[in-house]
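There are two complexes below, and they share chain A, which is joined by chain B in the first and by chain C in the second.
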Partner chain A sequence: MRSSDVIIQTTTKVVFYIIFLFAIHIFFAGHYTPGGGFVGGLLTASAIVLLLLAFDIRTVKKALPINYTVLIATGLVLALGTASASILFNVPFFTHAYDYFTLPLFGETSLHSAMLFDLGVYLVVVGATMNIILSIGSDD
Partner chain B sequence: MMILFWASLVLIVVSMAIILYRLIKGPTAPDRVIALDAMGVTLISVVGLLSILVGTRFFLEVILLLAILSFLGTVAFSKFIEKGEVFDRGDSD
Partner chain C sequence: MINLLLFPVLIPFLTAMILMFFPKRVSAQRTVTVIGMIASVISSAILLYTVMRDGVQAVTLGSWPAPFGITMVSDPLSAGLVLTSNLITLAIVFYSFRSIGAGREKHFYYPAMMFMLTGVNGAFTTGDIFNLFVFFEVLLMASYVLIVLGGEKRQLRESIKYILVNIVSSAFFVTTVAMLYSVTGTLNMADIAAKVSEIGQSGILTVIAVMLILVFGLKGAIFPLYFWLPSSYAAPPVPVLALFGALLTKVGVYAIMRTVTLLFPHDPGFTHEMLMILSILTVVAGCIGALAYFDLKQIVIYNIIIAVGVILFGVSQMNMAGLEGAVFYLIHDMFIKAGLFMLIGVIIAITGTSNLREMGGLLKTYPALAWTWLVAAFGLAGIPPLSGFFGKLLITQGAFEAGNLWGGIIILASSLIVLLSVIRIFIHAFWGEPKPVKGTSKQIYRGLFVPAALITALTVFYGVGTEWLRPVMFDAAEILHQPSIYIDAVLKE
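Let's turn to the complex of A and B:
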């Protein structure tokens, strides 16, 4: 690569992690405060788009060897599996379970099975957005 | 103290109107890109002032999100103007 984008490439190496950490924060904040899987997925996709802008598609594919179509399928399986697992316990579809656990370092936290559904939404959003952007962007 | 926040809100909205004029009228594409970036900054200020006026912390994530999207948009437009394409495919060399 003989490009001269020193400033954008140096900035990207820092800003990518800031955007990605903010995406994870938004994803976990989504239960009681604004946020959730959809916004977190969009922010993660925008972090990857920043990498694509600063470097090129081949470099990013080498750095992040992710098949985004498989990512969509994984997310759909996770979301629908979480939703339909409630049928096995003889409760209505989409019923979610939660309980309070005492974790080390966090103290008493409430863990919800709706988080797994949100993880599925996150993966679907990242996969769909990156598929759209890559199929538009790599066109000549 | 509240009157100060309202006055700055009005001033920022006035500057947004002027930026909107540049965004629509702007003779060249770089003018419009810079106007879009400035519009993002003023939007962030408006949201910050509103979160002070309403007295809530929930708008602060909106500020960070707007900052990220505005930055990405400016970078993408600059690269498009400079190089003529948004994404390099990386098989040129």
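Let's turn to the complex of A and C:
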């Protein structure tokens, strides 16, 4: 599908960042409230799909030169690596660790190792969704 | 090492991830797969040793207390099955080098294999029924990739059937798990078992038990739910067929074993009687199929169905002899099916056909292949001292002890038909006048024959070393017979 609609292209350039930032917000919100890596990943993928609709596959590939299969693998390694850290401490698999740190700008913040696992989930969801959409969409 | 029992699940998983980074580099793919598989075999051997020494191992993920978190449990049965699956997969990896072709190797063949092994090992290890569903999905997803990979017309047609059947059965599985949860309020298998024996196995729980048997029966190919299996399994290339034939149906069988011995052992008059009748029908239907075809693949595939029937018949007897025989026969069957499929792969590579009528006289040109086939065939039929003998002996003994005389006799008679069906392959393919064959290079022949012969040699050791393996099988059967050992290992820690 070739589209050269100026309005949708201009809007997309702005809306893409809004969706992306919202995805990051949802991702971090997920620790205590609804949200998390899965929804965040889906939102990010939807932002990229919007780019695909407004422009074409070649342009988007140029702007975001990401191999989505490698993205899936990276996400899986990150998730499994976080979960496997528990093996080193000889506690049951998937046991997560957290502590409170005082960070500049944020003040006192609780940092959880589960967040890294969620980041892995996020990458896997983005990679898998984009892989599916691209393999259906590029087939004409 | 509290997490030891997870290693056989995690190592193939990690291997698959690493392989996904460089799909196009075939030699690197092969090297990493072999390293990962060897590590996985070693870890599962250590696991089996630990389980035999220290008793049932259990870990609840995320440090949650036992019935609330996901529990992974390794008893002699599951550790033995995990070791078996790893050994078979390692042999099939070597077998694939010379048979699967670079096209498939570049399109995630090895990662799919590793993901499938992750699912298989996970399903054998998990102690949580919803997690069992998840691992079933993991192995099914990977098997969808393996069955369709290559995209031949026949593969595409059969994969639609295969995916459809499995999606329907997975939907039933989730529904059944939801029903089970609404009745017992727990998903932990040990906790379910404890609760069911506390509140008694009422009508609704028996319904759920039957639904679980049907769901697992659809995956494990019992009568009449095996209809999809023969044509679907024949579609992919031989290494994939060997992997499916050796591992996938056995996961279903294992799940049925757990269902009727651990979760719902309280109404044997209904569930076990039904399982026994179904398993005898499965044996009969498999025997008819094994004799009806002149196609190498189909003959061995119908032998899978016979074996599923024999194992489940042993389970349905619910006495020590029957259960021990079932465990013995289950592991024997995994090895021997892998060996048989790999050997027919060699025959197909040499003759270029799987039709028995178009081959003959291979004994003169390939004597080693012929005699290995004969050993494997005798092992399958259970001629002492080969591997199938002791399992079947115990199953028959169990049947006689439980008073199911006719069932035992049918199982014994089926051995003769099994022997006939595989000897028919020997007669047609190896005896008679040599027919013009496509032939194959020495290198390919060796690459295919050596892993197949090694697996066959393992089955011979399995048969001859019965006395040495007996403690493992005995412990496995004892836990099936007395679920309280399993329940205590999970809940009282």
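In this section, the second predicted complex is superposed on the first by the 136 of 140 C-alpha atoms of A that agree within 3 Å, B and C clash if a C-alpha of one lies under 4 Å from a C-alpha of the other, contacts with A are read in each partner's own complex, and residues count from 1 in each chain.
The rule is simple: contacts are C-beta pairs under 8 Å (C-beta built on N, C-alpha and C of every residue); 3 or more make two chains touch, one makes a residue touch a chain.
Here the structure is a predicted model, which is why all the values come from computation and not from measurement.
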- Query: After lining up the shared chain so the two structures overlap, which partner does A:Gly35 touch, if you call chain B first and chain C second: first, second, both or neither?
  - Reply: first
Next on the checklist: A:Ile66 in the overlay: touching chain B, chain C, both, or neither? Say first, second, both or neither.
Outcome noted: neither
Given the touch rule stated above, what does A:Ala128 touch, chain B (first), chain C (second), both, or neither?
neither
**Request:** Determine, under the contact definition given at the top, whether A:Pro92 touches first (chain B), second (chain C), both, or neither.
**Result:** second
### Message
Contacts for A:Ile19 in the overlay, against chain B (first) and chain C (second): which applies, first, second, both or neither?
### Response
first
**Message:** Between chain B and chain C, whom does A:Leu43 touch in the aligned arrangement: first, second, both, or neither?
**Reply:** first
Winner on chain A touched-residue count between chain B and chain C: chain B
Based on the superposed arrangement, let me know which partner A:Leu76 touches: chain B (first), chain C (second), both, or neither?
second
In the complex, chain B touches chain A at residues 58, 61-62, 64-65, 68-69, 71-72, 75-76, 79, 86-91, 93
Listed in rising order, the residues of chain A that touch chain C in the complex are 69-70, 72-73, 76-77, 80, 84, 86-87, 90-96
Chain C contacts chain A in the complex at 1-3, 6, 10, 13-14, 17-18, 20-21, 23, 59-63, 69, 72
In the complex, the residues of chain A that touch chain B are 1-3, 8, 15, 19, 22, 26, 29, 33-35, 39, 43, 46, 49-50, 52-53, 55-59, 137-138, 140
